[in-house]
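Written below as structure tokens is the structure these notes are about.
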Amino acid sequence: MAVKTFKGGAHPPERKERSSSIATERLLDVTQVVIPVNQHFGAPLQVLVKVGDQVKRGQKIADAEGRMTVPVHASIAGLVKKIEPRTQSNNTDGPCIVIEASLESNPEDSTEFLPPLDPFACSKEEALARVRAAGIVGMGGAGFPTHVKLAPSKPISVVIANGAECEPFLTIDERTMVERPEDVVEGVAITMKIVNAPEGVIAVEENKAHAVPLLEKAIASSPRTRAGMKIRVELLKTKYPQGGEKMLITAITGKEVPSGGLPMDVGCVVQNIGTLCAMVEAFREGKPLIERGLTVTGGACKKPANLIAPIGTLVADILTKGYAVADDEALRRVIYGGPMMGVAVPSYQIPVQKNTSGVLLMNEEEAKYYDEETCIRCGRCMRACSCRLSPALLAAAVEAGDYKDAEKIGLLDCIECGTCSFVCPAHRQLVQRFRVGKQILRAMKQKEAQNAR
Amino acid sequence: MDLMKIFLVALLVNNVVLMRFLALCSYVGMTNDVGQSVGMGFAVTFVTVLATAATWPLYHFVLVPLQLQFLQILVFILVIASLVQLVEFYLKKNIPGLYAAMGIYLPLITTNCAILAVTFENITYKYSFIQSIVYSVGVSLGYLLAMVLLAGIRDRMKTSPVPKFLQGTPILFIATALIGMAFMGFSGLIK
Amino acid sequence: MPAKGMLLSSSPHSFTPVSTSKIMLTVVIALVPAAGYGVYLYGLSALALILVSVGSAVAAEFLFRKAINATATVGDFSAIVTGLLLALILPPGTPLYMAALGSVFAIIVGKEFFGGLGANPFNPALIGRAFLLMSFPAAITTWTMPQGLAAAADAASTATPLGLLKQGQALGDIAAYFGSGSPGEFFRQLFLGYRSGCIGESSILLILIGGLFLVAIGVVQWIVPASVLASTFLFSWALGMDPLFSVLSGGIVFGAFFMATDYSTRPLTPTGMAIFGFGIGLLTAVIRKFGGFPEGVTYAILIMNIATPFLNKMRVKKYGFVLPAKQVKPSKEAGK
Amino acid sequence: MKGIVRLGVVLAIFAAAACASLAVVYSITKPRIEAQEQIALTASLKDVFLEAEEFEDVTESLKSDNLDIAFTNAILVKGGGAPIGVAVKASGPSYGGKAVLLVGLALNRSIAGVRILELNDTPGLGANAKNPGYYVNKAEKTTFPGQFEGKYVTDGFVVKGDVAAITASTITSVALTKIVKTVVDKAALWLESATLSPTPQEGAAAGGN
Amino acid sequence: MLTIIITIVFSIILAFVLGLALGFFQKKFHVERDPKIDEVRAALPGANCGGCGFPGCDGYAEAVATGRAATNKCTAGGASTTEAVSKLMGVDAAGEDLVSVLLCQGTREVALSKGEYVGIQTCRAAKLSTGSVKACTWGCQGLGDCVVVCKFDALAMGEDGLPHVDFDNCTGCGMCAEECPQRLFTMVPRDRKGSVVLCSNRNVLKANVIKTCKVGCIKCEICVKSCPEKCISMVNGIPVTEYSKCTSCGVCVQKCPTKCYKMLETDVMGKKKVPVMA
Amino acid sequence: MNKLWKTFKQGIIYENPLLMLMIGLCSALAVTSSVSNGIGMGLAMTFVLLFSEVVISVFRKAIPSSVRIPIFIIIIAAFTTMVDLVMKAYFPDLSASMGVFIPLIVVNCIIMGRVEAFSSKQPLLPVIFDSLGMGLGYTWVMVGIAAFREVLGNGTFAGLPVMPAAYQPILFFILPPGGFLVFGLFISFNIWLKDRMQKSMKERA
């Protein structure tokens, strides 16, 4: 079988070996969680509880009307201590609900899950309502409301499970595929059912090839495939950013998502491995999205770990409790997410959120920062760009303040994957420029639209 | 072949701007972006040809018979200035689309020395009418070429960390010097 | 809590180990065979020329940046490449002070005036050469036959293959001039490298070794040299010159691999590079055939350098490119 | 309409005044300007033919048949009442454009002298042709045009052969030589047709020059 | 003599014809346009040199009149022309005489920084990537986007890490206020008297403010309570003075425990200049 | 008097037509390959500038504004032609070496610019000082550039050899690209000079 891939990309050092063979561990003794109210891509929520309220595990604590909203649930049972602004994993301050665990109460009463639901028996509307009610958002990064993604306005021909996990360091999707292959397959099947897709593909990068037999076995033994659903595993070249939605679709279907368009425009739905498992649990147990898997690793992490942690757990707590151990002396940079797209934060006193796939504790060497030099026009960025943009020219246009030209070159098409900055021998901060540029361009367009009116 | 030679020499070998230092004021002022320089270049081409078409007969059929060759400077510049003015009026009123594209450059042209130089040289080089027209097209397209090339480099220099003491006009002239050096490659091309 | 203040940065937080100075160093290494052979052919005076050129380039860059209070950049080794390349495209008998002058001009006017590395619109080494050619045309067009390591400084002057061609000599005569019996033998001689010419351009074989090494490790993209050589071949043939002789003589191979590929002055996009290379080949052939000079590589590259900003507009279609026609709505036009 | 006429009148007044004063200046300078050209030409002619006294314009009968090279003036030069040679002001293309030369041919068919009147080639290169301090032959201190003096029509006129070239300016050298050669050939034919031949002693004198 | 006569006759005919034609065309092809353009055009030298970067004086006049160009672009005319054009345009362009005031006192010493920011050294980029390089989300990023954008040399980065306004040079153009990603500048009339709070921290938790900045407004509301004229109210977490009532009595300034309340006329505009960073 | 002096000074540095106003550039580059050309052109230019400005200033009230441009052109052209004729008559060599650039004084942006901006609005005396200042400003730059180019590129100054015999002229400087380069550096130098002078003036104040 030819290994598929896309054009461009780069090979940052993988550094996955540290945690790839460590079994996933579940955090049980969390005493306090800080749950950000707004964890999805969409309109802000209203808080449904007050300070002093007793909440159950799985109880809805924030919600709002509107299509682009997803409720948030208490991830542990306990007392609402505070509702106040705290720093979130994207470095902004936002309202957070602080819950202190009350362990004395009996676990039976302290849990409030939804009733189980058979996704293959219920209607599409019911299924979508369940996905929303369970608070599921994309766990691969963006936090896009999954129920919106599962209600496409165009016919879907293939559902892709994104098991690429192309970000260096991170191993949680790999562990999930190894440990829970059945759930992954079931998740694909549920998604296929909801979007009425004839085909499902589990995409795995070559460096995780050892998961393929397990997945294939699970597919073979799954009641869904026996009932006629077509699911297969596809091996992809290990290359960053293979896990990017657009790159994945191109590698597997050969089609390109049109500029400004969505995967559904080429008949695809892409779901992260974690998201699939969360969906399975939401139907099978009625369990909302109150915990997620993540990898804690890095050069300044003496004991790396793959964990399942309640949403809102402070990473500091994970470390003090010894699930993972930090080397504070060596610690120079904390990243929420992967090294290529994650966010550098000032400390690890920040909660695990629905889209936190890992926390990296980097040491001096890994965190080495190079000062920017002038662009030598080597063109490496252009050859590496996964979107075939021209980062060097784009950066020049942005720097010159020529946003119209920048838009033409494709500023808004940049997926901020960071490949260009990674390969640049002059260590140009290309992606940061594009982010700033996008912000300004969007503001400009908004202004224009207002003026036009 | 003769016409071709006149044209190519005027366009490349003896480029008005790069080798003959004419029309520099607008060369510096009007090369902020490529579109602008193209507009200006075509406007100049148009007027140069028109000016040649007007002054050549005037010289040969009026000034020479009357023995008034010494009024050449005065008559030529007056004719060109009025011509530009008339064209401007005409365009503004009757072809506003074209005026918007190119008319705004017209006033600049009155004092563009390349145009006057061409009309003089048509006389000094004893060109026939046809040769004069070809020569004027060659010269003005040479001007357009130089304008566009500088505009391209200027565009690029917008993000260059040019040393402070050279920023602005000095570096434009230095860039022109280097363009001129490259154009030396055309020298001797047509003998 | 962590001991020290945390680094806050924008993603990505990981960088390639490749750096500007490493790239420049590779180019120097790739030039070693051609340069070494040049010294072997023309003796220690050629070595002195190389050293003076490199030295004055580095000194010029260092002092200029110091004078304008800019960050020191001699560490990126690009000045070394410029100085070395300039020396390699000068006749072996060039007086040392001229080489120094050319080097200083190349670095200061050709490069630093525009903002230094990556910002110069023209190939600095070629600017240096063009400057010398304009300023001291006699000295820069005086050639000597290779004399071996022990060469005397004032060897008798001679003609180059292209110079002879310009004077209207037939291929057979040129071959005979260089001691070859037949054109075929002469071509082999040119390929291996025994003829008069610039220090670095003699052995096509060694240039190819260096150049292909750069292509192989990804420092140079194959498109530029390939299109330069292909179009030189093509247009020389079209203009009635011997195409193989055209490619093997003069500095075209050296220029194609080492000078047309200069990062800051060649276009960045593949289509742009192809047209760029094509233009160089065409202009080289035209200048050789009709121009006032026997060789046209310098000017061909410089002229195409001017076109680079425009060629950069020929970008690859971006991922998911859709024709913008759909987006232009008549209402928008009216809105303006 | 009245306004327009008024503008026209004002303009006309200014134009008339300006032109009138110009005309005055012109009438003053005119003789001198015309004289200048004549003076320059005569001076060069006298420079070439030392004994020249009278000049007869023969431009009409002495013409170039080379398309590139034009003869602007042709003058029969007389000294002591008798013709002593013919001089041609000829122009042709060189490296940097048109070059204008004055070539004098003595009756004995040897070149009496070559003067470069106009040359736009590169300073320091081709332009060295008109530089009185630039010698093609340093030992004998002959300038580029100077080397033609005394050459016979029948000589080769081959650059880098019997004609020394200007360093690094083959193109200029060839171009100028071609002009000289063309003039000399045509002028010799013309002398033939005008049946002017040297008296023996004149020939000796000119030849020994 | 003949020459002179021919000349005069010829020139009269030529000029008269041209004059007629010009006048005629001007009438015939007259096009209506904004009189302002003509006014500005009249103030320009008419050299049509293109030095301004616009196509000729007309092009520039139109650009100025329509507000697309600054008034100081005409190089041929020099300073006098700039003055004249500015006067023409200025009459209705400039309204009140405003100056810009920075609503943040978080110098390097008093305001805690969040970490060591590396990356593009502009406030906007820093803000986008880190939320804020200071522990205070609202504070000045100290990378001087405002200084770069000020065309009048009125802003300079102080050694304390904050931009300082030179009130003599400030023209109140508002570019800095527009540019600052933290929206830290407010435009006030030059002669404005009264008190102002030099803090923009809208975090309502006192503890959070104290932790991050020594001169932040800690929402104690002492100013609100102590003002004898009752002219201070909390808006969006920040005390705001109502200037129609404020008498510059200075009580709020004295009472403020973190000294973030200041008197505009003395503490802000009359303050000594801070040394500028090299 | 002080004011007149200031008007005069303006043209030399602060509003130097070539270096600050960037107008009238063509001749500045074209004829500056030798010092004598530079002086000749500078004087010719000053002459035309002076007389045009004076005449226009005298008649400024009599010129209707709608035909002022043609009238200015006529006046300038007349003086230009005079210069041309006089030079042809008395300095034929100089006239030949400056070629078409003498007639081109008529379109030299400096003259039109000053006439419109200054002399059509000012009385005689300031106009004289203005034109002399502008003329001098133009001339010194011309001579400066020419000196630089001639000495480096030809080894001579105003035709006289000034460099040691062994000096190999750097031809670059008398070729067109050299003209552009030297001119660029001159502008940069003048900007520096102006900044210096303004700074020292500020300090004194």
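Note that the chains are named A, B, C, D, E and F in the order they appear, and that numbering of residues resets to 1 at the start of each chain.
Here, a residue touches a chain if its C-beta (ideal position, glycine included) is under 8 Å from a C-beta of that chain, and two chains touch if they have at least 3 such contacts.
Being a predicted model, the structure only gives us computed values, none of them experimental.
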Set of chains adjacent to subunit B and to subunit D:
C, E, F
Counting C-beta pairs in contact for B-F and for A-E, the higher total belongs to B-F
Nearest whole angstrom, what separates the Cα centre of subunit A from the Cα centre of subunit B?
60
For subunit D versus subunit E, what separation do you get between their C-alpha means, in angstrom?
69
Using mean C-alpha positions as chain centres, tell me how far subunit A is from subunit D in Å, no decimals.
87
CA centroids of subunit C and subunit E: separation to the nearest Å works out as 49
What positions in subunit A touch 2 or more of the other chains?
344, 346, 369, 374, 429, 432, 435
Using the touch rule from the top of the page, what residues of subunit F touch 2 or more other chains?
22-23, 66-67, 69-70, 74, 77-78, 81, 85, 109, 112, 169, 171, 175, 177, 181
Taking each residue of subunit E in turn, which ones touch at least two of the other chains?
3, 7, 10-11, 14-15, 18-19, 22-23, 26, 47-49, 51, 114-115, 118-120, 125, 128-130
Contacting chain pairs - touch in the sense defined above:
A-B, A-C, A-E, B-C, B-D, B-E, B-F, C-D, C-E, C-F, D-E, D-F, E-F
Report the residues of subunit D in contact with subunit B in the complex, numbered from low to high.
18-19, 22-23, 26, 30, 93, 95-97, 171, 175
Contact footprint of subunit C on subunit E as seen in their complex
113-120, 125, 128-130, 133
Within their complex, subunit A touches subunit C through residues 10, 12-13, 168, 246, 250, 256-261, 316, 326, 328-329, 331-335, 337, 339-349, 360, 362, 366-370, 373-380, 382, 386-390, 392-393, 409-410, 413, 416, 418-419, 421-427, 429, 431-432, 435, 452
List the residues on subunit F that touch subunit B in their complex, please.
22-27, 29-30, 69-70, 73-74, 77-78, 80-81, 84-85, 100, 103-104, 106-109, 112, 175-181, 183-185, 187-188, 191-192
Subunit F contacts subunit D in the complex at 33, 62-64, 66-67, 70-71, 74-75, 77-78, 81-82, 85-86, 88-90, 92, 96, 153-154, 169, 171, 174-175
